[in-house]
Amino acid sequence: MATQVIVLNGGSSSGKSGIVRCLQAELPDPWPVAAIDAFVDALPASLRASNAGIEFAEDGGVTVGPEFRRLEAAWREGVAAMVRAGARVIVDDVFLGGPASQESWRKALTDLDVLWVGVRCEGTVAEAREIARGDRPRGMAAAQAETVHRGVAYDLEVDTTHTESLTCARTIAAHLT
Amino acid sequence: MATQVIVLNGGSSSGKSGIVRCLQAELPDPWPVAAIDAFVDALPASLRASNAGIEFAEDGGVTVGPEFRRLEAAWREGVAAMVRAGARVIVDDVFLGGPASQESWRKALTDLDVLWVGVRCEGTVAEAREIARGDRPRGMAAAQAETVHRGVAYDLEVDTTHTESLTCARTIAAHLT
Amino acid sequence: MATQVIVLNGGSSSGKSGIVRCLQAELPDPWPVAAIDAFVDALPASLRASNAGIEFAEDGGVTVGPEFRRLEAAWREGVAAMVRAGARVIVDDVFLGGPASQESWRKALTDLDVLWVGVRCEGTVAEAREIARGDRPRGMAAAQAETVHRGVAYDLEVDTTHTESLTCARTIAAHLT
Amino acid sequence: MATQVIVLNGGSSSGKSGIVRCLQAELPDPWPVAAIDAFVDALPASLRASNAGIEFAEDGGVTVGPEFRRLEAAWREGVAAMVRAGARVIVDDVFLGGPASQESWRKALTDLDVLWVGVRCEGTVAEAREIARGDRPRGMAAAQAETVHRGVAYDLEVDTTHTESLTCARTIAAHLT
């Protein structure tokens, strides 16, 4: 069966968005992206920086509250339904909960053909790129570099530390069925 | 039963996004937005400006191809599933197909409690705002101001020509059940 | 002598940027804009939110420190030199210091032909637009609506409360010499 | 005498902006950036994509007309005046005219202490990054990778092909006097 969903998991500034754009440019079929960042942008401003929603601390830490979790679960169901309706989708997420996040996706994507991809980047390099992009709180990259992968199982891992996004995307594309 | 979906339909530069942000600020519950603009941004770049995808002509015309339509239909199913999973959602759309667009949403949102809202703005004013914002092809506002509403049925219409987005949002909020 | 500089002064969310884009679209000559927002974006991130730089408080207050002032003065000299070198320039500023800000510009623009324009917007309307745009700290619009005009002398004032940016721009354009 | 201006020259997607943000983060003094991209954004929309202004062709070519050149020259004078007024400034430019562009800057920056830095990146890598960022016309990176450096003299060259922006920035910072 053909791959229906590519789930990319990686820390902040690990290069996921770049890989998504390269995948979209390389793959013959049109794959829309469902990115956690876009989901957060779709929320009311009040839900960002609140205990019920999602909070980005100055040291790069991220905490999510019950309302955020509830809506995030609904968003996952929405992504799954979009795939069941015929779209092939790339998910661009940060598994803040590690294996629990993967389990949530696994349940939502039941019966769908998923390629699980870990996007790694050495903490110091991700941190340097965080400074270079300048639009993320300092510290997120380092804080997430290892933790988001702990206990997560992948079909494939790519590493942007010494490899360009385009090359990583081609490696992923070669694994699609 | 409580309103589960607010569907806003209006032409380019009619003020929908502003109303969405005001609704999100005013409503006690968190309502994520599902905007057609964000959906287009989630597509591969190649699908924009292609016959299969969506094309923005220099005169402000917009044409969509078969691949775009197919993915848009899947997106609507995704939005509906997100609502069925418990999220209350604001849809921010431009009914390029008029009543056919509404019919597509109606099918996707079957059994859900929907508030249909028309967002109007006089063509000349929308055109002036299009110049002021400077990030849209000139001509879209004028081309869409009337056509997107033709044959569409609403529970409520608001008009941003002489009324601020916040006031329009409060009118909409007062109609929620 | 022909007008060489248009200085727009107005509070946050009063509609200055929209007027700038309309002026640029309406005027036959190309007028680049020198906007305080772009100047702030050109500063190191560390200078934002620091005592030495510029701080945006959660209540909408803005405070600037000595380093910011020093660089801002240099920026004004740069704008003046650009005009002396032959460019006609629109300045888009917020006179946080009221008449003192105007005096600083007056010194920098000595011997140049300047049109001083006040861009007004009723506080409650500016506040509503601040919510609608969603990218500014709540409270800035209300805090600045009156204060930035106090003691400032204009050649012309426009008011966006009930008038579109394009109409305001045309009024300004008609005053150019 | 202390370095007053750092001029970075490099092709599209060579990594200049990332280096600028890292320099701003690393240097103890606040260095505002004067970027050609920000200058282009400050121009009327009509001057982009016109024979008199600047045109970005679909194949990545860039052509500039007489009005653009005239305003660009005024902008350079403005940057120089800002430095003479006491600001230390990083210039982020693309020498489309090669040595002629450098000569123009040299004249504008007469008597100032300038550090000339070439930012190199192998064409194929810059091209891959252009796809990954997704906000530039395809082809610019490859077209400019070599040509913008031809005949230009530097105090220092950095290469982002295999070196992170932060490391390049630190190399540059070490050369400041």
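Order of writing sets the chain letters: A, B, C and D. Residues in each chain are counted from 1.
Methods note: a contact is a pair of C-beta atoms (placed from the backbone, for glycine too) under 8 Å apart; a residue touches a chain by one contact, two chains touch by 3 or more.
As the structure is a prediction and not an experimental result, all values here were calculated from the model.
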From the options A-D, B-C or A-B, the pair that copies C-D, where over half of the contact pairs coincide: A-B
When chain A is superposed on chain B by its C-alpha atoms, the rotation angle in degrees, nearest 5: 180
Chain A and chain B, separation of their C-alpha mean positions in angstrom: 27
Centre-of-Cα separation between chain D and chain B, whole angstrom: 40
Separation of chain A from chain D, taking each centre as the mean of its C-alpha atoms, in whole Å: 33
Set of chain B residues in contact with two or more other chains: 21, 25, 45, 134
Contact graph of the chains (line, ring, star, complete, other): ring
Chain C - residues contacting chain B, complex: 15, 18-19, 21-22, 25, 125, 128-129, 131-134, 162, 164-167
List of chain A residues in touch with chain B within their complex: 21, 24-25, 27, 30-35, 38-39, 41-47, 52-53, 67, 70-71, 73-75, 77-87
